[in-house]
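Letters A, B, C, D and E name the chains as they come in the text, with residue numbers starting at 1 for each one.
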Amino acid sequence: MAHVQVHAEAIDLDSPVLVEGLPGAGLVGKIAADHLVEEFDMDYYGAVRCEGLPEVAIYEGEQSDIRPPVRLYADGDNDLLVLQSDVPVSPTQASGFATCITDWLDENDVLPLYLSGLPEEKKDIPDMYGVATGDGHEYIEDQGIVPPRQGGIVTGPTGALLYHAGQTGLDSVGLIVQTEAQFPDPEAARVLLEHGIGPIADIDVETDALLERADEIQEAREELAQRLHEAGEESTQAQSIRGFQ
Amino acid sequence: MAHVQVHAEAIDLDSPVLVEGLPGAGLVGKIAADHLVEEFDMDYYGAVRCEGLPEVAIYEGEQSDIRPPVRLYADGDNDLLVLQSDVPVSPTQASGFATCITDWLDENDVLPLYLSGLPEEKKDIPDMYGVATGDGHEYIEDQGIVPPRQGGIVTGPTGALLYHAGQTGLDSVGLIVQTEAQFPDPEAARVLLEHGIGPIADIDVETDALLERADEIQEAREELAQRLHEAGEESTQAQSIRGFQ
Amino acid sequence: MAHVQVHAEAIDLDSPVLVEGLPGAGLVGKIAADHLVEEFDMDYYGAVRCEGLPEVAIYEGEQSDIRPPVRLYADGDNDLLVLQSDVPVSPTQASGFATCITDWLDENDVLPLYLSGLPEEKKDIPDMYGVATGDGHEYIEDQGIVPPRQGGIVTGPTGALLYHAGQTGLDSVGLIVQTEAQFPDPEAARVLLEHGIGPIADIDVETDALLERADEIQEAREELAQRLHEAGEESTQAQSIRGFQ
Amino acid sequence: MAHVQVHAEAIDLDSPVLVEGLPGAGLVGKIAADHLVEEFDMDYYGAVRCEGLPEVAIYEGEQSDIRPPVRLYADGDNDLLVLQSDVPVSPTQASGFATCITDWLDENDVLPLYLSGLPEEKKDIPDMYGVATGDGHEYIEDQGIVPPRQGGIVTGPTGALLYHAGQTGLDSVGLIVQTEAQFPDPEAARVLLEHGIGPIADIDVETDALLERADEIQEAREELAQRLHEAGEESTQAQSIRGFQ
Amino acid sequence: MAHVQVHAEAIDLDSPVLVEGLPGAGLVGKIAADHLVEEFDMDYYGAVRCEGLPEVAIYEGEQSDIRPPVRLYADGDNDLLVLQSDVPVSPTQASGFATCITDWLDENDVLPLYLSGLPEEKKDIPDMYGVATGDGHEYIEDQGIVPPRQGGIVTGPTGALLYHAGQTGLDSVGLIVQTEAQFPDPEAARVLLEHGIGPIADIDVETDALLERADEIQEAREELAQRLHEAGEESTQAQSIRGFQ
């Protein structure tokens, strides 16, 4: 039953890149994904109706259309998809959700970019690392993205997505960026967009608006970030494992 | 097994409008729906026997008939149905409930009006907004009902009903009205009846009795409203999402 | 699997009346039912083995037979059955229990009398009201039993039994009596026996012993009554709904 | 899947008696059963692999064999079986456990002796009572074992075993002995062995060692007994029901 | 669905020994297993994808490959397998996990060495004991490994693995070593490696590095050990049963 319900059949996509924007540590994925939808004026493409996702109704300002809380936006010119979510995915549902999404990506020849924050003390510019499943490592090597210096674990729905990509042999890339743990972190999202998503998806993303709107984002999303922080290890985040061999 | 059990087969309905009256924020839907049943002296039409609804027995004063807690009333002359409920629908059961109801509405060519309160500071007269699924937007445009100024989310059983209407492509209308969060709000129910339900269902509803009885309603339903308020985000309410794009 | 296991096949019953004696508010049903078993020296008739009932072993004083906690007693001369229970039925199991019992009653042409206390301030003699499903209203009208003055709700296993009787169209009678909420109430049980059960089942019940033994009952059952009171709305009780339309 | 896995097929048993030794109030059953295994130097007979039993590994001192936590020991000469357990059976698993055991007893023509403590003030020598299912009452009458003076209830896994024996019509005997509620009670176990198990199983049990080792038992099992006491009504115990009819 | 997914088909193993390294009391198994992987520079062999295991993504330092949290490493020259885990196995999932692993071991003719800490006061050098299922006792006798002096119980996932080995008749060895309960214990892991794993697997393990790195291990794994200690009896540990017969 659970599936991705495509509404905009007319949009033509050829082996697109998907940017995953589920809420997680620092909201880095959600901020980056939402920014792409707005910046490229992307079209509503389809509804993600995987079992276990909250069945709530979303509406946007000045529009009457009801949409599901997790959905896809597309930009046919850039062969780009974004997975946008207004709700966190419950850790107990992460496995079914990941199976549902992974099957669809596999069937539609999509290259997913999974995004996760790594809560750590960071320098001026947060470090970004790349991990991969299948032949995904080619994309990160091509762009000179380095692997993590230290071993670690990605938890939450994004961890489950990477786990399932590994299980099915799907090509995928994971981008891990140092982030604030408790607050929305537009700067980390900017690093993802400029140094990871942009080069791999071969798109040119203007990120000035992102930083100009930093205060607004900060305020708007603090509650969501706080809630995710309390969920702790079970929500999406990367975490170093000290002494890992 | 779960289904709507129609008892009054004799009542003839032609593409009727259904007014959903589940308890939610401000009890706006329940107050409006109960008022219609009384004002139009509507007939008991059928029992809603969807899985997960509380199996309790309801009786009315001065009558011996036992009825289920969620049920339909009909007015054949006005092609009007009301979904009346004396119990809240548990959030964990909302999905099954919404599937069960949506299927029946679809099979019987019914246009549902879903009602939700939006807990906000309000002016003298509460604002009312319209959202829609399928071709439902035609009804709100025809009556000059405006979309929400700001993006938001409808949760609880009414959110699930809108979600499922969107999934199956059913035409439906959602009416969202500013309301008191913690107390029953007959004034918000009046706005729904006069500016939304009345025009769309093409009925003329007298609402004086509603306001005269405001005190009585206040007292009678305060406990139910309080309980729903405590259930918080999981019960039916609309909620603005700040910074939503 | 779940079923009623009849042990006393030899007892001949012709469209019998069943008196339901599950523990609920004021223990009114249990006190009335237990009294009938003793007063008419009724025979052990069968075991109620519905799914979800506690699987514990009951023994009576001076006897070695093990019996289940919910069981039927019969009086062939009076065409009378009593459902006796030594354990409360958990609210989460009430639905399956009610389905199991209702099917059996329907198959065996039994008229059930469901008993519920209504915790309210009461006069010298508690008021008793009648509700019904199917053609059950004929029995209460014939005996001049009045419907409830005010609308309300019957919860708990007895509420579920009435709900299922309504769903299947089984003839049934519900007797609702004003009762003490927290303590066993032999006086309310007496009213049920003399004004409701006796006339409808066409039996003459001596209730002097009931009142003589009031003190003993009070002491013996206080713990069970207290536990049910704490379970609150979820256990069997009738409850008025103020402002109900 | 769940079953009794017999390892010692060579031991020949002819309509044996089984002594059930699950931990319960006063640990009376476990102390008696463990004593039989040691006193008669009984052989490991089989593993009880019923669904829901804890899957842990048990080892005995000076031996390397791993055994399951619930298992059978046999004495071919005395046609005797003992059910020994090193873990309590969870009340939520009692029903499946009882079904699994009862089926095996029925298929193998075994007469079970179920043991339960009755936490009560007791005289010098604890009273012991007999209850039964099927034709089990013959065994207790033959040995002059009296029924309980007062009605009551046996809860926990032993209650479920008696319940299922009653349901399937299996001959079984329940021995109920007055016991300490919170501490291991070797004296009560001695009464079970001398006045109940010994005569019915037609074996001569030396119990001096039991009492000599009372202090050791006290210490060794106090923690288990304490844990069972805290589980309260849900663990195996007999309990009088005051005012029971 | 659940299974072991072998990635390194090219590695040839002939009736290999598997060293189980799940986190448990003192982390003795995990420390020993991780040490083998590093010391013998073992190859990533396969993913353990049993139902109920956490679906998270693991990455190692300076590498971009995503791996599952529970996985196998192999050394073809030594016919050696190691089960490495970066996550604890939840007690509620232990049964399904044990079934999944046991089936694979059985099908692939693998001799598992199960490792458990026994939290006890210990002498200079911790005592180590051997237990076994099937013909596993031959291996411990051949190496002069003694059985436990006192009876006891192995709980947690390792207890479930031993339980299932016993049920299916799989040859297996359990090595139980005295350990610190709350802290990682490299010394106990050294005893396992030198006196148990080394002789049975016929490998020569250098353990100097283990002790040199004791401080580092201590720090790195303290949090995991602490978390396991809090999980108490439900996590893997051996525990003596006083007065066991």
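Keep in mind that, in the parts below, a contact is a pair of C-beta atoms (placed from the backbone, for glycine too) under 8 Å apart; a residue touches a chain by one contact, two chains touch by 3 or more.
All of these numbers come straight from a predicted model, not from anything done at the bench.
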item: Contact-graph separation of chain A and chain D, given in steps at minimum; value: 2
item: Other chains in touch with both chain C and chain E; value: D
item: Rounded Å distance, chain C centre to chain D centre (Cα mean); value: 36
item: Interface hub residues of chain D, defined as touching at least two other chains; value: none
item: Category of the chain touch graph - line, ring, star, complete, other; value: ring
item: Direction chain D, origin chain C - full chain order round the ring; value: C, D, E, A, B
item: Of all residues in chain C, those that touch chain D in their complex; value: 5, 34, 37-38, 47, 49, 55-69, 86-87, 216-217, 219-221
item: Residues of chain E defined as touching chain D within the complex; value: 94-95, 98, 130-133, 137, 140, 147-155, 159-160, 162-167, 174, 241-245
